[in-house]
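Written below as structure tokens is the structure these notes are about.
Chains here go by letter, A, B, C and D, matching the order in which they are written, and residues are numbered from 1 within each.
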Amino acid sequence: MMQVFLQNWIYLIGAISLFGIGLYITLTDENIFKIIVGLNIIESGTNLFMIAIAWHPKAVMPIYTATNHLVVNGKVVSADPLPQSLVLTAIVIGLGTTALALTIAVKIFEKYGTLDVRKIKEAKR
Amino acid sequence: MIIYVATLVVIVVIALALIAVFSKKLLSSIISMGFVSLGVSGLFFFLQAPDVAITEAAIGAGLSTAIFVIALKKVKKGESADEE
Amino acid sequence: MRNDTPELVKKITALFVVAILLAGFFVAFKEMPKGPSVNVNQRVSRLYVLKNVQTATKLMKSGNFFTKGMKPLRSDVPYTPIVFGKSSNLEDGAANVVTSIVVDYRGFDTLGEVTVLFLAATGVAMLLFGKEKKRKKKTEPSLIMYVGTRIAFAVIFLFGIYIFVHGHLTPGGGFPGGAVIASGILGLFLGKNGYEPNHLGLKVFESLSGMAFVIIGLTGLFSVKSFLANFLPTGTIGDLYSAGFIALIYIAIGMKVGAELSAVVNSMIVDTEEEWS
Amino acid sequence: MNIFNNAALLIGVPLLFAFSIPLFGLISKELAKWVTLLTIGFNATFSLYILLTHKFPTIVVMGNWLPPFGENLYIGPVAALLVSLISVIGLLIAIYNLWAVKRGDVIRFSILFLMFTAGASGIVLTGDIFNLFIFMEITGISSYALAAFGPERRALGGAFKFLVVSSIGSTLYLMGVTLIYTQLGTLNIAEIAARINQTTPGLLTFAGILIISGLAVEAELFPFNGWVPDTYTGAINGVSASLSGIAAVSAVYALFRIAMTVFGKSGTYVTTYGKIDLMAVIAILAATTVVIGELSALSQKNVKKMLAYSSMAQMGLIAVAFSIGSELGVYGGIFQLVNHSIAKAMLFLIVGVLVAAGVGENIDDFRGLWKRNPFLALTFSVGAFSMLGFPLFGGFWSKFSIVAASVQRGGWYDFIIGLVLFASVVEAFYYLRIVAYMFSSDVEAPKIKTPMIPAIPIFILAVSIVAIGVFPQIVGNFSTQAANEFTHKMSEYVLNVIPTIAAH
């Protein structure tokens, strides 16, 4: 019983908690670096969610090897490979966004001398 | 059985994310974010996605944390230069 | 959010937004197939796993829609269950199904993804563009560090190449391979103050590997009449020389990603001074 | 199903040259800008060829895998029209950039601008819901970097805000796509559109809300548009022009491709599946956007900020027009989109020329411009008249058909008549104020020379505004076909991509 509940829900709960925590920090925090950390945590949550919907308890990994059979009696038993490939894409895009955001943050620090969003807004131009 | 281990990992990951949120020091926030990525990459192994797990470990946990630390170092250098 | 919003109001608003989202997700999750009821046989990915469009077409016929009149892409291959190391002349010969989706069935996505990384590296370099500052004197890393990172770099570099050359057989591929190589180069930066990679070489390498990807795609367009189409024989599943152009593209991606990420690391590490004149 | 695979060159050629620009840059800085210009020129020529020889509707198969298996591009009347619009405006802004962008890292700026245009065309062309996300990110990442470019430090704050909001938006979009995938197991827009009634209502509603809010970030609709004023004001003028004339076009297209084709029913008035009517939600959000945008624009002293708020309001007006859901409404929306894109790009370019000549950004600085430079004053007035919908200029016809559409629809959609009139009156107030300032002659100041290169795109855009105003059928014919495609999804879009799906 417990096991079935966990199989159904634990990864989804984990993914959504990460998403919520990341969104909360992004919306409330004043420090630019913290905001980027929040974006990264949101990213992780999304990735976990997408992998979780591809999985079922009897899944095998989607790679043909000598002992790993993906198709049994004409039915596919492996984990869904499509969301996995989408997540590969999403991870790399996340890295790109993070690198650009950090660069802008460094430049902001060079020009304003602070990382605090409120102080940046107060400084006119 | 493995689901219980996964549950434990999920709880640890959420705790680390909370540390990343509420920690006052930027460095510890960044490091725990790296560990969140690492934990998530461990969960990908449980979820039968070795490709994604390797990529997340190399890119999400490794390089992205490294870039964070480099950027932080640049900012910290500027801060100490201002104080002088 | 405005500056004058009190801290508490801001936090409560954020909590409210997050709570609404969580409630919405809860509703959606209750209606979503999850855990044991996830069935890959109802999704389009089964066609990618079966690696044979004729059977796929048959499966779709027995399903409920849209098969009438649709021609299989390669009807010359009769479907037999795939046996590792023996089945040959499959529609797509990669043993790693994720790889075959990433590079072949949905290769256009991957081209876009490489472009995103390229644009991010370009943007980072553009924003940090300027004259190089003179470094302050720092403590020089010890000789052991210097020699050690150089030796480690060779090993890491080889490992990265291994990862992306075997992308169609084992977990891994161009992206982690490139990231591994970039982390080796990061080690070189840490090992010596003022380490500089060969900028011209890096730039040329970056351009050529990206162009290689597009040129492979265009070759497909002019030889098989479709952009990014496989124009090489697919071989036997499980062999190193199998899966047609997947290996070629993954090598291009690996080199591209390695070069891009090294460029990002390089432009982040080097201190620059802006000049607008 | 017509297949025209060579149209993949619309994406492939810009990519090839974007990757090779660093090599050209080794030879000379100027060469990089010219390569960008020629590549966008190729795109403009090719897309105009597709539009004018009526090659559409056609699909482009990627990787030799037919649509539900692999990815495809779809070139219908809407896509053909909007890709031509995007690449022509991109071409004109690239000509302007030849003159304007001389300092800083010009080579990388050219790469980012080229991929910005190509990514926007990709959003319009693609037929796959995840591929749309990739192109959103390509456009997004290049526009964050472009918006942060420039010597002024205010650019950075705007770019960072844009980055954060837009990344959260694209994550929400991705979540929505994944939720739909769990039930339908496919990512092809046509297949999802045909099978959308097989999903459960709660999940569909929530996925719809997530996707719409993700796309609304770049389409500048109300709760997600806090980034607009800062980003537009901070960025250099060529970038503001392209954000408003290129990115917004593709974002609105994506928003309504999803809202009408995927979530909508096929019929005269498009309503949506799920528990709440998404089109009504969009109508309310868009109406709020119009009111807020116009009122904020009214109180601005800075011309760029005023144009930014005006741009926001115009996007709201376009979204309202689409959300009426009838053929006439979509006709008006697309027409308005074309007009807005041309006029707003031109206004930003004119401000760019003026700022470079030493005139300030404030409204007071525009006093007596007619004496100082008649060409710029005249073209600015043409753009302003088109924005506020003066007869004989492009904007008149589109606003007219939006009003006609809401009369035709009736019911509570009647408020749109009032909304359009309100918007026109407020716009008249703040645009005519500038025009009046320009023609008032109480200021004596030195004359401004018109630089040759940026005068070309400004002149072309001004002429096209007047041409559309006098001969509305230039755009009108294509808009009619486009409206037909948007409202009759099963007989037009879905069948053109997957002809056999009707057997269901």
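General remarks:
Here is the rule we go by: a residue touches a chain if its C-beta (ideal position, glycine included) is under 8 Å from a C-beta of that chain, and two chains touch if they have at least 3 such contacts.
Quick caveat: nothing in here was measured; it's all calculated off a predicted structure.
With contact taken as defined at the outset, chain A and chain C are each touched by B, D. Looking at A-D and B-C side by side, the one with more C-beta contacts is A-D.
One simple way to say how far apart two chains are is to compare their mean CA positions; for chain A and chain D this gives 29 Å.
The geometric centre of chain B is 37 Å away from that of chain D, both derived from CA atoms.
Chain B and chain C have Cα centroids lying 20 Å from one another.
If you average the Cα atoms of chain A and of chain B, the two centres end up 11 Å apart.
Residues of chain D found to touch two or more other chains are 130, 134, 137, 141, 144-145, 148, 181-182, 187. For chain A, residues touching at least two other chains, in rising order: 7, 19, 23-24, 43, 52-55, 57, 61-63, 78-79, 82, 84, 86, 88-89, 91-93, 95-97, 99-100, 102-107, 110, 121. Each of the following residues of chain C touches two or more other chains: 25, 32, 34, 43-45, 96, 98, 106, 109, 113, 116, 119-120, 123-124, 127, 171, 173, 175, 261, 264, 268.
Applying the touch criterion to all chain pairs gives A-B, A-C, A-D, B-C, C-D.
Interface residues of chain B facing chain C in the complex, by the touch rule stated above, are 49-55, 57-59, 62-63, 66-67, 70-71, 74. Across the complex, chain C meets chain B through its residues 96, 98-99, 163, 171-173, 175-176, 179-180, 182-183, 186, 261, 264-265, 268-269, 271. Chain C contributes residues 24-25, 27-28, 30-34, 42-45, 47, 53, 56, 64-70, 73, 104-109, 111-113, 115-116, 118-120, 122-127, 129, 200, 203-204, 206-207, 210-211, 213-215, 217-218, 220-221, 224-230, 276-277 to its touches with chain D in the complex. On the side of chain A, the complex with chain B involves touching residues 3, 6-7, 10-11, 13-14, 17-18, 21-22, 24-25, 29, 31, 33-34, 36-38, 40-41, 43-44, 47-48, 51-52, 54-55, 57, 59-63, 78-79, 84, 87-88, 91-92, 94-95, 98-99, 102-103, 105-106, 109-110, 113, 115.
Residues 19, 23, 26, 32, 35, 39, 42-43, 46, 49-50, 53, 82-83, 86, 89-90, 93, 96-97, 100-101, 104-105, 107-108, 111-112, 120-121, 125 of chain A are the ones touching chain D in the complex.
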